[in-house]
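Chain nomenclature is as follows: A, B, C, D, E, F, G, H, I and J, assigned in order of appearance, with residue numbering initiated at 1 for each chain independently.
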Amino acid sequence: MLFHVRMDVLLPVDMPQDVANDIKAREKAYFQQLQREGKWRHIWRVVGEYSNFSIFDVAGNTELHDLLSSLPLFPYMRIAVTPLCRHPSSLHEDDR
Amino acid sequence: MLFHVRMDVLLPVDMPQDVANDIKAREKAYFQQLQREGKWRHIWRVVGEYSNFSIFDVAGNTELHDLLSSLPLFPYMRIAVTPLCRHPSSLHEDDR
Amino acid sequence: MLFHVRMDVLLPVDMPQDVANDIKAREKAYFQQLQREGKWRHIWRVVGEYSNFSIFDVAGNTELHDLLSSLPLFPYMRIAVTPLCRHPSSLHEDDR
Amino acid sequence: MLFHVRMDVLLPVDMPQDVANDIKAREKAYFQQLQREGKWRHIWRVVGEYSNFSIFDVAGNTELHDLLSSLPLFPYMRIAVTPLCRHPSSLHEDDR
Amino acid sequence: MLFHVRMDVLLPVDMPQDVANDIKAREKAYFQQLQREGKWRHIWRVVGEYSNFSIFDVAGNTELHDLLSSLPLFPYMRIAVTPLCRHPSSLHEDDR
Amino acid sequence: MLFHVRMDVLLPVDMPQDVANDIKAREKAYFQQLQREGKWRHIWRVVGEYSNFSIFDVAGNTELHDLLSSLPLFPYMRIAVTPLCRHPSSLHEDDR
Amino acid sequence: MLFHVRMDVLLPVDMPQDVANDIKAREKAYFQQLQREGKWRHIWRVVGEYSNFSIFDVAGNTELHDLLSSLPLFPYMRIAVTPLCRHPSSLHEDDR
Amino acid sequence: MLFHVRMDVLLPVDMPQDVANDIKAREKAYFQQLQREGKWRHIWRVVGEYSNFSIFDVAGNTELHDLLSSLPLFPYMRIAVTPLCRHPSSLHEDDR
Amino acid sequence: MLFHVRMDVLLPVDMPQDVANDIKAREKAYFQQLQREGKWRHIWRVVGEYSNFSIFDVAGNTELHDLLSSLPLFPYMRIAVTPLCRHPSSLHEDDR
Amino acid sequence: MLFHVRMDVLLPVDMPQDVANDIKAREKAYFQQLQREGKWRHIWRVVGEYSNFSIFDVAGNTELHDLLSSLPLFPYMRIAVTPLCRHPSSLHEDDR
């Protein structure tokens, strides 16, 4: 099941660099694991912002919430989730 | 080059059915041609709305504007374009 | 799977009464069928508005979109969908 | 009498963990008591956010304000209340 | 039980004068009946707008919705309802 | 002359309790004096928020600004003022 | 007593030219009368919009509402009123 | 003197094609005259919208308003004007 | 050349009183100098807010920016500038 | 390829002056280098705000993101990017 997610990262400007680096390193590890598992299907940077648009492919609402709220950056992000479905005129078999 | 596009279709509720059908048929034909050419790379329906999120893969800003403004539904849509770029931690070689 | 849906009905003020009545009668029949099937699990009127908050219990995003876009009032509604999940501290076994 | 309530929790990111845990433990105890009393009739998590949609069933406006402003998380929440009423076409006798 | 209601009247600018007058006459009659019954407790015009702030004193949410949706101007108004309760420091016994 | 005022109190969550209590005690004393003088004619709590809707009856704009900016909570409030006038169809002689 | 008023004129694009001209001629006559009486103290055009910022100097809220709602363009305007008072550091005796 | 102007064109979808064409032809002629005179210094299309960002270089506010309100498309546009000034670190002598 | 300026002062609530007083004293001196020079032509307090509406009469955009950004309160204000021009039906010769 | 960028600088009011000066000095150096390279093609100050409108001329989305996220002020700015294209009626050969 597909979901569109916009994430805006709002790290406090006075967060010590090593604390920020540690959070980002754990975020990256977890994020790449979810990519390998096929759950975090797409991610793109928004030009000029510390934000991304992502597509998740998960079993349902609960799995998505569990994934998102486990992100190390979760307490520092504004997140907006939009449920998606396949477009009837899409030619791409795998347009998930 | 990748762009995120949200399209909201706002057809007048009193548009005659055959006029609407004609516009939609031409839209579908053009839309599938752009899919085949690899320019309209992804499209997903927004659940509960007459709207979609799409990803375009084009040579640049001008090509994107030409494609969008040639859509038969263009006069009836609200369109929002966001330029994207590859995320540095993405594992997908083809995450275009 | 649960979804929170807000629907705002925006019938044109100059729609002939019999046209409006026909749409509403078909809406009511379909709506009650979905209630009987357990898919439209809750509905409440918003006080002072021609709007409702509803809870849908469906197999997934696609089923929800199919149900909503089949509503006779769909072309006249503004709809906002929010995916839900069970709250970890809820005591109600059936708080679906 | 039914009310729709959206709660967004906005804990300061630098709140000490034990202070946060204490507030959350007291919140949970009070919240479950209100569930048992039938006043906090439904609660659902909003996917991807530290937020919930709830349905309260109380004697009136004053009781609702007293319940909400007594929540241990009250000083850290943005709350929006919408009064509800039964939908005339609802088939559920107990759609409170 | 008290409710704060803001009403914005949005009559179409091309509504025939006699139709508008008929609606307004019926609105006034109903409005004054509700005042006499003590249910429409206060009303004030917003300076420079075709709008009012009102205070209703009713048995509950359902009665308020029934009153508002029966207003002859209801199809032409944007209405926002806010539930109120007595302020603990108010000195006015009857500050309903 | 009547004015509608919405006040939202935004005390910092880390304000020491005794400082907050002192401000609130002075606010209450001043507020009750203005009630006794007939200037703060109505006040109602907004359910679920640390906010109120009030009606002031003052000689004019300047007096209202002087009263509001003298409130001990003034530096911690967001205030919105709307000038009112009597509604022509009001039956209440004293609907001030 | 001073009030800041923003007016945005929203004439329907299909209004016949002579109807528009008649409304504007009556508006101008009434507007200049109010200027002569000292009640419409200032008016400035907003560059690039069919809008103005104005300062009214009237006896109070009711007079202002009567003036504004009598404007021939009133049914075609969005109006926002803000009550003003003299600034304590102003050097202009007549900064009304 | 420089001004940033955003123009959104909102032609009614049911405007006859020849009427639209006539307006656009006159708009283009006037627009190119202003370019030649150096007053409409820059114009760029917003990708995916019937909108532009422009830079005007005029003697002052009044000249700008006269130019904009003389545009044949003026009654069909939403226009937002922002006054600009030279940036102190700009290296371009002619960054007007 | 005339400009409409709205200023909202947002002093941090924990700024030491003597620091605030010093800034305000310098603001007042500079503000009164600009009044004497005829550049800060009007100022009015917004009732109930720490805000003002002002009219500046300056040589152009650059002078206005220089004046505003030199205000001692500038780092603590949200400022919105709107260019104005004379209204064609104004009777006041000096309605600058 | 052209992009319109609005930047709003939001330096914390309590940032030490020398820290702010260091950031601004590095920002200026980098900014002037980008001007010399022809990538930061235009910049204008927004009157009354610590903001600018800029036009970038870059190879594509990725280069723009790299430039913007390398700005020393990047962590302290709100940035909005809009892709542009040449207007078909523009007479300026170089209206990039």
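As a working rule, a residue touches a chain if its C-beta (ideal position, glycine included) is under 8 Å from a C-beta of that chain, and two chains touch if they have at least 3 such contacts.
Fair warning: this is a prediction, and the values are worked out from it, not measured in the lab.
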| item | value |
| --- | --- |
| Mutual neighbours - chains that touch chain D and chain I alike | F |
| Of B-C and G-I, whichever chain pair has more C-beta contact pairs | G-I |
| Equivalent interface to C-E, taken from G-H, G-I or H-J so that over half of the residue contact pairs match | G-H |
| Between chain D and its twin chain H, rotation from the CA superposition, multiple of 5 degrees | 180 |
| Centroid distance [mean C-alpha coordinates] between chain H and chain B, Å | 27 |
| Euclidean distance of C-alpha centroids - chain F vs chain H, Å | 46 |
| Intercentroid distance (Cα basis), chain B paired with chain A, Å | 22 |
| Junction residues of chain H, two or more chains touched | 2-3, 45, 47, 61, 64-65, 81-86 |
| Contacting chain pairs - touch in the sense defined above | A-B, A-C, A-D, A-J, B-C, B-H, B-J, C-D, C-E, D-E, D-F, E-F, E-G, F-G, F-I, G-H, G-I, H-I, H-J, I-J |
| Contact set on chain A toward chain J in their complex | 13-14, 45, 47-50 |
| Chain E partner contacts - residues on chain F that touch it in the complex | 2, 4, 28, 31-32, 35-36, 42-47, 52-53, 55, 82-92, 95 |
| Residue numbers on chain H that touch chain G, as the complex places them | 3, 5, 12, 61, 64-65, 68-69, 75-76, 79-81 |
| Footprint of chain J on chain B - complex, ascending | 1-3, 60-62, 64-65, 81-86 |
